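I've put the structures underneath this note.
First subunit A sits with subunit B, and in the next complex the same chain sits with subunit C.
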Partner chain A sequence: MGEQNILKVNPLPTLTWNHLMLNFANMPLEAASSKKADIPSEFKDIETGMGREFVSFVESHASYVRIIRAGKGEDLGVIKDEKAGIASEIILIEAGEDSRVTFYTHASDSVQDGQITRLVKVIAGPRAQVTVIQSQTVGNGCLVGDDFGAVVGDEAKVRLIQSELGGKAAFAGGCAALKGYKADFTEETIYFGDESRRLDFSYVTRHTGKKTTTSILANGALFGNADKVYRGSMDFIHGCSKSKGREAENVLLFSPTARNRSIPLILCDEEDVDGQHAASIGKINKDLMYYLQSRGLTENQARQLAVESRFNPVIDEIPDEAVREEIHASLERRMNLD
Partner chain B sequence: MAEERPEIQGVNQSIYDFRYETHASFETDAGLTPEIVEQISKEKNDPDWMREFRLKSLEIYQKTAVPNWGPPLDGLNMDQIITYVRPNTTMRGKWSEVPDDIKNTFERLGIPDAEQKSLAGVGAQYDSEVVYHNVKDEVARQGVVYTDMESALRGPYADLVKEKFMHLVPPTDHKFAALHGAVWSGGSFVYVPAGVHVDIPLQSYFRLNAAGAGQFEHTLIIVEPGAYLHFIEGCSAPKYNVANLHAGCVELYVGKGARLRYSTIENWSKNMYNLNTKRALVEDDGIMEWVSGSFGSHISYLYPMTILQGNDSHMDFTGITFAGKTQALDTGAKVVHNGRNTSSHISTKSISKDGGVCVYRSEVIIGKDAVGAKSSVNCDSLMLDSKSRSDTIPAMDVRNADSDVGHEAKIGRISDEAIFYLMSRGLSEEDARAMIVSGFAEPVAKELPLEYAVEMNNLIKLEMDGSTF
Partner chain C sequence: MSEELLRVENLHADVEEKEILKGINLVVNKGETHVLMGPNGAGKSTLDNCIMGNPEYKVTEGKIFFKGEDITKQKADARARKGIFMSFQAPQEVPGVTMEDFLRVCKKNLTGENIRYFAFHKELAATMKALDMDDSYASRYLNVGFSGGEKKKAEIVQMLTLNPTFAMLDETDSGLDVDAVRVVSEGIRRFKTDENSLLIITHNTKILEDLKVDFVHVLYDGRIIKTGGPELVDYINTNGFAELIKEGE
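Up next is the complex of A and B:
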């Protein structure tokens, strides 16, 4: 066991009242002596959602660094993370012109303790299509950090899917620099907070290219004493004319002792943009519960249905049937509160 | 055609940009020391508790850091701010007795006019002191008290003032609340007895005339159970080249089943640092309504806060912010739900042009016991050019499951489709744009009483070049 470091992660792109404790999160990580990973220079300055301190930590601790390069027009299909579940890893993806690649990593509940820190950086060339799926259902003794950063080129499409369903605490973030003309970024997150799980998220999109588009969607459910923070920021930078961003967060609250904090930001110094965000936080719609129960479902079943119907679009993206089944079984077990 | 956009002018400041030489009877040295605070306290003939309160606040002020968030405050040098300037007059009850230069100022602003026409009472503050206070007889006969804070400190409500003064906004709240506690001067005290419905609004007007001065008025309003009051405040100052500071404090107590509407039209000059704190405490079934228009000042930090303490209490906030050249207006609202079945609704509009910066900043807190709480926030930002900036920073903190919190924000420019539609109906492009901007500001304008709209119109006069609208 190494010494414990408290890192400032998930920084808000602009500061607000300190008493809200939303400007950044403190993440306690065990430090171990390790040599600094060798990162190719083109990946070095890519901004991530969790921020510099986390990136620097992972670069000093990664026992596995993998570089995936897709050449012009190449379709690499789905690449699974062969080291999924190890303590610290870095995946660097360079997708050339017109290439396609999907990277998928899942840490299962076979990991019960310790910490997992995963960093994925992406450079998407013109018209490249890159999807990154980070998923975890680790046990309640494990601390998770899932970070992502991408630079998106002309007409390229980058998609990030994060499924954060386990761990004693899960920190996750993503950042996309939309530099190219018509660069597109889609981000989908699901999270499940129960017992005394802590969840902390930060997503940032930096629009600099013209006609860039963003869609950020988070769906979550909070039970028990869960404590969750969600930051979602769209930054429209001068010159990104005709860019468009949509961001939405839906949170279902099931416990009087759970806490939810959300701060969806729009930063804008370009006139010709269209940005919208929406958040909906609260209990399940009474009419929906009544309807489902009138159809013969128990209260628990109705709740499960409501949560899973929101989670399924993301779970269905996981390219491994056994993992999908593991997730459904885990959610069912944890929501079966009777 | 699309490239040649008609110029939409900012708020016309010219009618407020006049000033008189200051002939103050007493001025403190620039900068802030315990001696200056003692001097202010002595000059104002404070009760002992207030003198101690001021000195304690100064200690807090000196220990507290300036905010690390929000627009830059670098241009504000407290060593150069004259905290207290008292005009060379004592308070008058008759308009004709107010000295000419001060009277002229307020006449140009339309204060006596507004009073004659539509207001139940008027208070006018010039620099640090209230120079004029009057309440219509019929309102006074209902038991309504409307006086300046200094009189209230020594009058029949002295104990009530002592109990409530800076109770909602303690000096520990932030650096400029502490500053206010140390050097506050002037402002209004309003007491509306239980069950009294004040039919016509009370108005208070603040005018900062001296260069490089600070204005720190304190407003304390107590609306007893079942009563109703509409209070309007307006603020202005002429242009000077040195920074002026406004760090006022407003504390509002809304009793059971009472309703208070607090409207502000702020048009400080473009060198003003407006660091104002407003807070309301609402008891069972009480209603707090805010209408807030921010047009002036160089830098603003303004977030009226409502604490929905009582069950079934409600808050409504309607705000508009217009930031033009050299302005950074950081405005918004805060609400804390503590009572059961409380509800709040925040609706704001912001317009940025000519390099102006608008920031909408808010917090909605749903406490553990606020079962059945509902809150909705809606903020729209309009960008009129690409030199300007508009940020939206809303925070929500929900601590119980039986609540509903919704938030929506939109940012963008005037849509080409809307312009096209209006032009297809026969409007010129200029008129179409002017109509859309006016329509955008309409939700705030319509919340103000019709009589007050005359002055409001002066304040938010949007000049559209080439527009006949």
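Up next is the complex of A and C:
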């Protein structure tokens, strides 16, 4: 057993009342080796969603560092994380102009306990298209940290998908620095909380380039005594005129003892921008439940279908059928189908 | 002797504590097609929903029997598994679940049998083709972005695929153009056999033209005020409901 560290992760870009306990999350991580990973200088200062303490921890403990470089105009296709499920890893992606790359990592429920910390940093050059998918269905004894940071260049498109469906606690975050003209960032999260799972998220977009766009969307379902905090922050910095940002969160609550907290935040130092956020928190629409049940689905099956219907557009993006099936099977088990 | 499928006895029902059905009696035998007509607000959709088991409609008195079993207190899914189907006036959108996946899950659930993927896919494509519906809709999320007409056709596709013993069509023809009404009518005709029964709510008698109608019921203010044969459809087309309502009062 290593020494336990309590890290401050998922910090809000601007602090709110301390008593709300939402300015950051405390993440307990066990220290193992202290071999410092060798990170190329161009990736060092990229801001991530989970913040400096988490990045510093992973850089000190990563047993695997992979650098993916896509040259000008190169299409690397889909790259699978061969080491998915190891305790700590860092993936660094540099996408040259007009290049394309998709990277995905999935930690399955074969990982039952311990901790997994994953950090992905991206530099997307002009018109590059980068997609990163981090998903996990680990067992209820495992602690997960999924972090992401990107610098997005002129007309580049970066997309992040995080699917957090397992673990005793899952912390996840993402940050995009939209520096280029018309730089675009899309982030989609799905999460599933049951038993006493703790879920904590923080997404930040920093708009500096003109006409930059972001879309941040989360869909989740909370059962049992799950406790979730979601922070979504868009920062429109002076000079990012004509930039647009949309963030939305949809939560289905299935238990009166589940705790749900959401903090949408729009920071604005530029007049000519358009930022919007929306949230819906509730139960499954009664008319939808009746419609599904009228086709012979039991209440549990209808509920599962309604949850999956929210998750599927994201799950369908995972470029591996076996992983998609595993995720569906995991959800089915967790929702205690009859 | 005809085999009784559905029996509704003295059914009273409330919606949001307002009594809508005030003593409905109705028997539908195997192989029969019944048509339910009446002015807006008479209680036609309420009757369908009570038979299907919508929890928003509260049965305060009376009973519903299906195949001889009292189903009054059963949930909608149990009734569906016994062979009852309802085509909705406003079908729900189910983003994230394709029409084909949805129907495969429902079919498997209703029959208890494993559904062979390719055979099911082929059968569904053929059903959709017969309803003049592009089979690409099968791989789209159920009812999401479908036009009003496509949603209604999708309900008929569901009926043909799930093959219930007793189907209720709640204004399936409303909002359809002439050609679409013809196509939906053809779909209903394909469904109908001597082994199943239909209860059709409609204001548009075009949909009935190619169907053999056995009984027509006129519902007004929560009661069936007149029951007759198919000739009643022609009467209502010519004279409306006013005289029948006056007679019933």
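The rule is short, and it goes like this: the second predicted complex is superposed on the first by the 335 of 338 C-alpha atoms of A that agree within 3 Å, B and C clash if a C-alpha of one lies under 4 Å from a C-alpha of the other, contacts with A are read in each partner's own complex, and residues count from 1 in each chain.
Quick note on the criterion: contacts are C-beta pairs under 8 Å (C-beta built on N, C-alpha and C of every residue); 3 or more make two chains touch, one makes a residue touch a chain.
These numbers come from a predicted model, not from an experiment.
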A:41 contacts which: subunit B (first), subunit C (second), both, neither? neither
Any idea whether subunit B or subunit C touches more of subunit A? B
Which of subunit B and subunit C A:268 touches, first, second, both or neither: first
Applying the touch criterion given at the start, work out whether A:311 contacts subunit B, subunit C, both or neither, answering first, second, both or neither. second
Look at A:14 in the shared chain and tell me whether it touches subunit B only, subunit C only, both, or neither; answer first, second, both or neither. first
Contacts for A:259 in the overlay, against subunit B (first) and subunit C (second): which applies, first, second, both or neither? first
Once the structures are superposed on A, label A:291 by its partner contacts, choosing first (subunit B), second (subunit C), both or neither. second
Between subunit B and subunit C, whom does A:4 touch in the aligned arrangement: first, second, both, or neither? neither
Which residues would you name on subunit A as touching subunit B in one complex and subunit C in the other? none
Per the touch rule, the subunit A residues reaching subunit B in their complex are 14-18, 20, 22-23, 222, 236, 238, 241, 251, 253-256, 258-283
Interfacial residue positions of subunit A with respect to subunit C in the complex: 285-288, 290-299, 301-302, 305-306, 308-313
Complex interface listing, subunit C residues touching subunit A: 52-56, 75-77, 79-81, 85-86, 88, 91-92, 94-97, 102, 105-106, 109-110, 141, 158, 162
Subunit A partner, complex, touching residues on subunit B are 68-70, 361, 363, 368, 381, 383-386, 388-413
